[in-house]
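Heads up, the next two complexes both have chain A, just with different partners, chain B and then chain C.
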Partner chain A sequence: MSAQTQFSGGFDNAPIDAAHAFRAAMTVMARPGEIRLISGAQPPAPLSVAAGTLLLTLCDPETRVHLAGDLDTGTVRQWLTFHTGAPISEAPEADFAVGSWQELGPLSQYRSGTPEYPDRSTTLIVECDDLQQAGAELTGPGIKDTARLSLPNVPALRANAALYPLGCDFFFTSGDRLAALPRSTQIRVEG
Partner chain B sequence: MADHQNIANTARRDWMGLLARAPDDALMELWGAVGTPPGFDWLRSPEVGGVMVRGRTGGTGAPFNLGEMTVTRCSLVLKDGTVGHGYVQGRSKRKAEAAALIDALMQTDAAEDIRDRVITPLSQQMQEAKTARAAKAAATKVEFFTLVRGED
Partner chain C sequence: MNEYNFAYLDEQTKRMIRRAILKGLAVPGYQVPFASREMPMPYGWGTGGVQVSAATLTPDDTFKVIDQGADDTTNAVSIRKFFENTAGVETTEETEKATVIQTRHRIPEAKLTGDQIIVYQVPIPEPLRFLEPRETETRKMHSLEEYGLMHVKLYEDISQHGAISTSYAYPVKVSERYVMDPSPIPKFDNPKLEMDAIQLFGAGREQRIYAVPPHTKVVSLDFEDYPFEATKADHPCDLCGAEDSYLDEVIMDDAGNRMFVCSDTDFCRSRRAQGHEGRLSKEGAV
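For the complex of A and B:
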């Protein structure tokens, strides 16, 4: 039985674990609708394994992170600061935002980039109860014919896709499952 | 309470600074003589990186970047839940591990023992080395004075 502290749960072997997680993150972003399993981190509750692993992989002292709603606890802040050094910020300044869809709030408050620098936008990590290859139909770059993914709010995500080349990108996490939706993907509602 | 915390922080800063600056072989010799190290789990395995050292002119001026230095850091937790951090100069991972273990033990009941056997001798050794070096340099000091300037 090992002692647990507020700092426990980081990568055992940071270079290897982060490389695996980064590969998975790149793959799901390049092929919207695909679901990959990622693990390595054991983040404090209520952060899921996939979201925690993704944060350890993507964040560093130069990325501002917004913790939405219930996630914004002292424990999560301490854990994230110890392992990544990422500064915690409010939604409009954030490079990454984490939380459930309801708590992340309206997409308009997040940065969607500028025409000169479309990359200066927020990447949202959305914690979902469930993640399935079912529901809204996706087409676009990285998808051969069509793909399906259970999305939390189709109208808001369609509005975001309409901003292309501006807009936010999304990771969806549930347990250790990871999927993504870049702004370039077109979404069609069923039926 | 706040005072108590301040004193604890100052004391911890002193021993962590000492461990960070300590020469590798001196620290490892003293630490090796202490005996079997306690069991622990890694929170952050030893990793080597660079940090920017910043200074202030006269201690109060505007901060400026002095230069980069190589630092090895690690963090660990003892079986009783005490967390120790090791930040040491250079690339020695075992020195960082020893520094983190000493930092953790200094917060437990073993503090006095560790202080007597590692911290105090180490600080004496480093002070002696500094004095010896200063004495050696002082012996080469040249006194300049002008007898006649030869102008008039």
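For the complex of A and C:
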């Protein structure tokens, strides 16, 4: 891969770009079902702009990142390492995991926190083909009455929510669109 | 702007705080440990709130700081100036115009909206700390949802005083799971904890961050026969006449004269600007 790809595509103005990106990430995590645009990074394919920006905003040498399946290319590894310094890890050790839902694999392999430290759980960044405020019905903290979000796999995510206060937390990315699903959200199937 | 990084903190510190905020929002009311940094102000002056604000602010924000409801006290003025200097953000004293509000011990009287974020300065984040000094034990109590001790404390209030005498930092249960210290806000403010805005709590010395997302169920602990009551001084404001705002009692002279004024200075000022008057407004007392 060319040095050009590896060294470029970071934030133009890291403090400002990261502040805007974090505001979007915080807003969607605090309001499950909402979709925000997030940009600033130009990551190498197949990483989406939203996933790349999120990684630059949240990852550094203190966070282990798992790249799942097709995302685990030399190009992506070098880009992530150059811009964040985050160590690449296997799924069970990861603080952050990125990939498509199929390639991220069973949720049980990720850390779901401990009863005394439920924050020590993996945050999954799920690359989606599409992201819509439609589909499964969500209730819980951050949601006024109900919200809707297109979720990749409702049974698995309901099982994760049932672990509360343990469990993984999710960002969903598609292009420059970002949504989130914390473990605190209750999911009802459409109908 | 100046020689500081945007909002003073270095980027790696902000990322660490931001990760803690996200986990805090995912588990409402749970205290997330974070590596609190030394700030250019002493512990107890809002170092936790300042770090959370620094990690949250963007250059587009309008920032407001209140200390016990007032915009013009030393603590509020210095924190506002700190972010004017290090982040270059707009500041305001008007609650409605602010997008991020850092507060010490009050929630503004004006209803906060979904576009706003409120950051609380927290001295002791652990609601069980005065009942159980060991962190290892309080962690275990939270993990087992073992909150009987807190109800014993409230019960002892009733048996000694005939009512729940806890009047500030009144414990709440968040989203039917974690008992949380809402910071030393008066219990008058507790019902406002269910709001449209994002609520973030930062305790610098104790190194904890926690959060309450919008529209989250927040219940003040009580008993069926001694229900929670949001109390305030039984007076109208002597300057603006408001009957529904939280009041400060001010001693005015050696003869024991006193007045009651809104603790929320912006609320009181805007009411007076609208022509509302209180008992002392004509005397030019202030």
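Basically, the second predicted complex is superposed on the first by the 186 of 191 C-alpha atoms of A that agree within 3 Å, B and C clash if a C-alpha of one lies under 4 Å from a C-alpha of the other, contacts with A are read in each partner's own complex, and residues count from 1 in each chain.
The rule is simple: a residue touches a chain if its C-beta (ideal position, glycine included) is under 8 Å from a C-beta of that chain, and two chains touch if they have at least 3 such contacts.
Computed from a prediction, not measured in an experiment: that's the story for all the values here.
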So, A:25: does it touch chain B (first), chain C (second), both, or neither?
second
Scan A:183 for contacts with chain B and chain C and give back first, second, both or neither.
second
Between chain B (first) and chain C (second), which does A:92 come into contact with in this model arrangement: first, second, both, or neither?
neither
Between chain B and chain C, which one contacts more residues of chain A in the superposed model?
C
Touch check for A:7: first (chain B), second (chain C), both, or neither?
first
Could you tell me which stretches of chain A are touched by chain B in one complex and by chain C in the other?
14
Considering only the defined contacts, which chain C positions touch chain A in the complex?
5-7, 11-12, 14-16, 18-28, 30, 32-33, 55-60, 139-140, 142-144, 175, 177-178, 198, 211-217
In their shared complex, chain C is touched by residues of chain A numbered 14-16, 18-20, 22-23, 25-27, 29-31, 57-60, 62-63, 114-119, 121, 123, 140-144, 164-165, 169, 182-184
Tell me, which parts of chain A touch chain B in their complex?
2-5, 7-8, 10, 12-14, 82-83
Per the contact definition, I'd like the list of chain B residues that touch chain A in the complex.
41-45, 47, 75, 77-81, 83
